[in-house]
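After this come two complexes, each holding chain A, first together with chain B and then together with chain C.
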Partner chain A sequence: MIEATTAPGNLRARIAGTRAWQTLRAATWLEWQSRGNWTNPLLYCLYLIVRPMTASLVLVLMYWVVSGAHAHGGIFGFLICGAAAWTFVEQIVAGIPQAVLADREEYAMLKYVYITPSRFLIFLIGRALPRMLIAFFAFAITLGFGITLLGVPVDLRAVNYPLLLAALVFGFIAITALGIMLAGLALVLKRGAYQMPQAVTGALYLVSGAIFPIVVLPGWLQTIALGVPLTYWLELVRRALLGSHIGEQFPIADTGAVFGWFALTTVAFAAVAYVVFRICDYQARERGQIDRTTGY
Partner chain B sequence: MTALTPSTAAPARPAQRGRNMRAGLRLGIMTMVGRAYPRLVAANREPDWIFYEVALPLLQICAFALVYKALHAPQQYIGLVILGGGMMAFWINVLWSMAAQLHWERQSGNLELYLMAPASMLWILAGMAIGGMLATAVRATAVLILGSLIFGVTYNVVSYPLVILAFLFSLVALYGLGSMLASLYLLYNREVWAIQEVIQEPVALLTGSYVPVAALGPYVGAFAALIPLTLGLDAVRQLVFPHLLPTLLPAGLEIAILAVLVVVFCGGAAWSLNFIERRAKIQGKLSLKWQ
Partner chain C sequence: MSHSAQDTVPAIQTIDVRRVYQARGGRSIGGAQAGKGVTALDGVSLTVQRGEIFGLLGRNGAGKTTLIKILTTLLAPSGGQAYIDGMDVTRDVIKVRQIIAMVSGGEQSGYGILTVREQLWMFAQFYGVPSKVAHARIDELLSAVGLGDQANQKVYALSTGMRQRMNLCRALVSDPEILFLDEPTVGLDVEASRAVREYVRKWMGENPRRTVLLTTHYMFEADELCDHVAVINHGQIVAEGTTDDLKRGLQEHARFQLEMAEWLPAFTEMLRERDGVVDAQTEQRNDRTQLRLALLREEFIVPTIASINEAGGRVLALRRIEPTLEEAFVRLVGDEAESQREGEEAQR
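The block that comes next holds the complex of A and B.
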């Protein structure tokens, strides 16, 4: 009797697990193909690194033009590490909503994704995975370029790898949650759905201190900055790469405390993002916005 | 029968040609106005542009200005960023609303209608350019004013006519470049899209939008001068921040080079459009979607 009642439950769990895995795999492959199958792998790699590298070079030139050519002190490493890490946010936070909108409006296939037995949330996580891989590749190349050619003061033997890994893993959760929430919002927006993720990314670029210490922000913006998980994430990535001394200008000195705040804000943020996404997803289906076209 | 005799037909031909020219010109101007209209009027009917097209560039400008602030740079560097950000609005418009426009038109099925219409595609591109230029000018002015107010930047204009000349020449050349890029969409799709995504940041670097272009050195600077934005920005900065920032060339010479670039890019746009349109027709790519 016990076996009879538990077997279907186990079977259901196994089917759900298999479906989730299949969805994740298919979405990952779809994203990889839709991002890169327009060209050969070499050109695609070049395409991936040009943008973050030139963004870093702009900052390097800004630094050199003020501090003197080829100076490496002060916030030089701060700038490059922040610009390199920002690739993750650009790829996922701005990228997932764009992918969903392209599926809905350009390729008109979003409704087919919805009618499969897979969960849309898992599909979106699958879409985020290749972007995370791409971002990691661009992050590593930009940082390598900065270390070898521009003299960014990162000692690879002194890097705090466990902290870097933990920051990247938690960062993936925070960034993907934000991307998914914006994808949900993009589904229900009547106008500006394409621009909204860029607006949010732009605001976060400013508020989270991606390329400058948050102490230069006005007081009220600093308070907002300390409520955003990306502020702590960027700080932890910098501390892991450049050493704890880089955090002298950050309002919280202790790295453990920074990590604690990062974990706390990430969990809170992911919960809010999930709720917002579910509401938007429901609203989009109720209002018949899954196959709506606004731009074509 | 009398109309076919040489004595009567010869005087009629120039008159007919004149009428045809006038009709062609009228049609062209109507086409241009018709294409500029949605950019000038319809785009402003939705007030959300104020947020997306003013606030977004402003956020980027603020971020770069705060970097200079963190580096304790002189105030003119923040002014440099604000001017660069204002001009970048035109570059973004050229990239995504000029060059990529034919991609949107193809996706929505308008491209075939454009090609079937009796007016030349050049008039349509000219309408897109004028509409885009004027609409972006409003947005860029708003960005410039707000940025200057936020960071307290003041300008010391040496010569208003030269500033206007440098600005106009760089814009016309830039939109000519945009028209050249637009013609590529008649043959290609996602490849050009990717190129556009890729060149956005390098152009910000090369044109010196956030740093004086002289910081790139003479060779890179000379290469960057092929992009009209570079010389336009450098000339305008020299004229509004005299003797405060490193410069590439004297402003007068930069304006003269910009005049040459206007001819090169506008002529190039006409040539490339004709050439690529013919090739696209031969290869049957004009109505190819989702590639």
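The block that comes next holds the complex of A and C.
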């Protein structure tokens, strides 16, 4: 320990780098244990398969009722792809703040993690990684279910895999940034900290075009939607899976332009999220909220 | 900084540290609106040297935990300065965190889904301890606190005492230089409390650079463990010194108890008239007399005993009466608390 505080600059940087990697690894492992350690592996696998399938079945049934059982309509693929991709948002955006609140109020461990020399931000990113893996699994299950049993028009040979990969990687950055920002806000909120992430994801579900095209939204909501990176992200995922013709329902037709806007809004959003998180972190320490138990 | 230079720097130093918790709706930052909030710390200045076990004693709400939170970088002070090994707790946060650890009592903390070993390993990672070193250290620590057989037990299955011993290991797995123990034995049974105290003493004995700041309600615990203590009340340090200093500080006079044989009532009057004797009281106990003496100073005991012998009395036993730390604490804090309570009742 003495060496870490008195070592020369380059060695200190190396020690900090090693510690950052160890923190990322340990936080990832902790979240993985939290997600999967509550039951036996077989039951957990079953849960991972059944949960996304039932969630998408609910949407499918609603769609059938509304459209008169035209399961293969043009919007059907749009809906299933959106629902599949939305699991990333559910897992990470709502999951990171909940993990922080559980650490603080249920396990009473947040203060001990917080006073370690590891960077809290890296700890949170580590908590997001297993959720991304779980979300990816749910994404694949939902799509597989949709393609094989519901006839979603995805031709696996025609999928634009590079675009899908790029969209998922950038999407992870945008989604994690949002989750970290909400985790910061959860630290400083007196009431509603548990409900806030659900409320935010609910609002984003409406404006991001998760299950219907944003062109059906009122003009002012469309303007908001175009400022949210998730809107572009969902559009790119759909274009990668269903083909570019799906873009007819999106205000920006060119895929390159959509990607450009996605990258731009993601960078802007990540910067804002970082600043908000730092402010909340500072405020939480000023107010003594790191180890608070609200009991809500 | 070299070790020799570091040794001259106090392990912990606070200078006029203040902390005001703002009332709901008020701004919580800084001391500018101090009048509107609750003052938890009101100008606390303390110095803890390396190698010490320093006790911070106080009633509930006196400010002990608030001070520990500030020193462990969990909470920002509203004013004043606080240093850990010469490093500012508000500016050198990461450096401070590299050399400290904390254990709080009276809580069921721990990731229940992990095993004891997993939890300790995870914290070692957060401190940058290599896995191999961490596992060796975990084995050593668990064995030392009697949890060797529980290494692979899930945390949720541990008893309160076991969990607290695990938490002590969690704090020590990074080999900190400065350990903060915030009422570490609250809620523990006698055996578990003793195990914690014994291990803390042993841990301190292993390295002279280690330092402990302990807060406790239990005066015997402070008496048993601490080299120096400070009493905090309403956010202010009201007394500081060794435990003996605190006890003796309360005694206006040196007090002795003597077991006497062949005692005559006239002896008592004779003693009361002697120089240096403030008071003399006797009590008959079976065939012996118990004499309680209050002397101006300790050194008056020798001529006083000599005069008793000359008069024909016989001293069978002699004991210096010292107040306990608890009595000292009650005198420092309790009387004031009592008068405050009476004042509040009178207002009603």
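Rule of thumb we're sticking to: the second predicted complex is superposed on the first by the 281 of 296 C-alpha atoms of A that agree within 3 Å, B and C clash if a C-alpha of one lies under 4 Å from a C-alpha of the other, contacts with A are read in each partner's own complex, and residues count from 1 in each chain.
Simple rule for what comes next: contacts are C-beta pairs under 8 Å (C-beta built on N, C-alpha and C of every residue); 3 or more make two chains touch, one makes a residue touch a chain.
Note that the structure is a prediction, hence the values are computed from the model and not measured.
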Should the superposition on chain A be reported as showing a clash between chain B and chain C, or a fit? fit
Taking the superposition as given, does A:P117 touch the first partner, chain B, the second, chain C, both, or neither? second
Of the partners chain B and chain C, which touch A:T223 in the superposed model: first, second, both, neither? neither
In the overlay, answer first, second, both or neither for which of chain B and chain C A:Y107 touches. both
First, second, both or neither for A:I75, with chain B first and chain C second: first
Using the touch definition from the top, say if A:G288 reaches chain B (first), chain C (second), both or neither. second
With the two complexes superposed on chain A, say which partner A:N40 touches: chain B (first), chain C (second), both, or neither. neither
Applying the touch criterion given at the start, work out whether A:L59 contacts chain B, chain C, both or neither, answering first, second, both or neither. first
Draw lines from the C-alpha centre of chain A to the C-alpha centres of chain B and chain C: what angle do they form, to the nearest 10°? 80
Closest CA approach of chain B to chain C after superposing, in angstrom, is 5
Determine where on chain A the residues touched by chain B overlap those touched by chain C, and list them. 38, 107
What does chain B use to touch chain A in their complex? 46, 48, 51-52, 55-56, 59-60, 62-64, 66-73, 77, 104, 107-108, 189-191, 194, 197-198, 200-202, 204-205, 210-212, 215-216, 246, 290
Which residues of chain A touch chain C once you look at their complex with the stated criterion? 1-2, 4-6, 15, 18-19, 22-23, 25-26, 29-30, 33-34, 37-38, 107-109, 111-118, 123, 285-288, 290-291
Chain A partner, complex, touching residues on chain C are 1, 3, 21-22, 28-29, 66, 69, 72-76, 85, 87, 94-95, 97-102, 104, 107-114, 118, 121-123, 125-128, 170, 174-177
Looking at the complex, which residues from chain A come into contact with chain B? 38-39, 47, 50-51, 54-55, 57-59, 61-67, 74-75, 79, 106-107, 191-192, 195-196, 198-199, 202-203, 205-206, 210-213, 216-217, 295-296
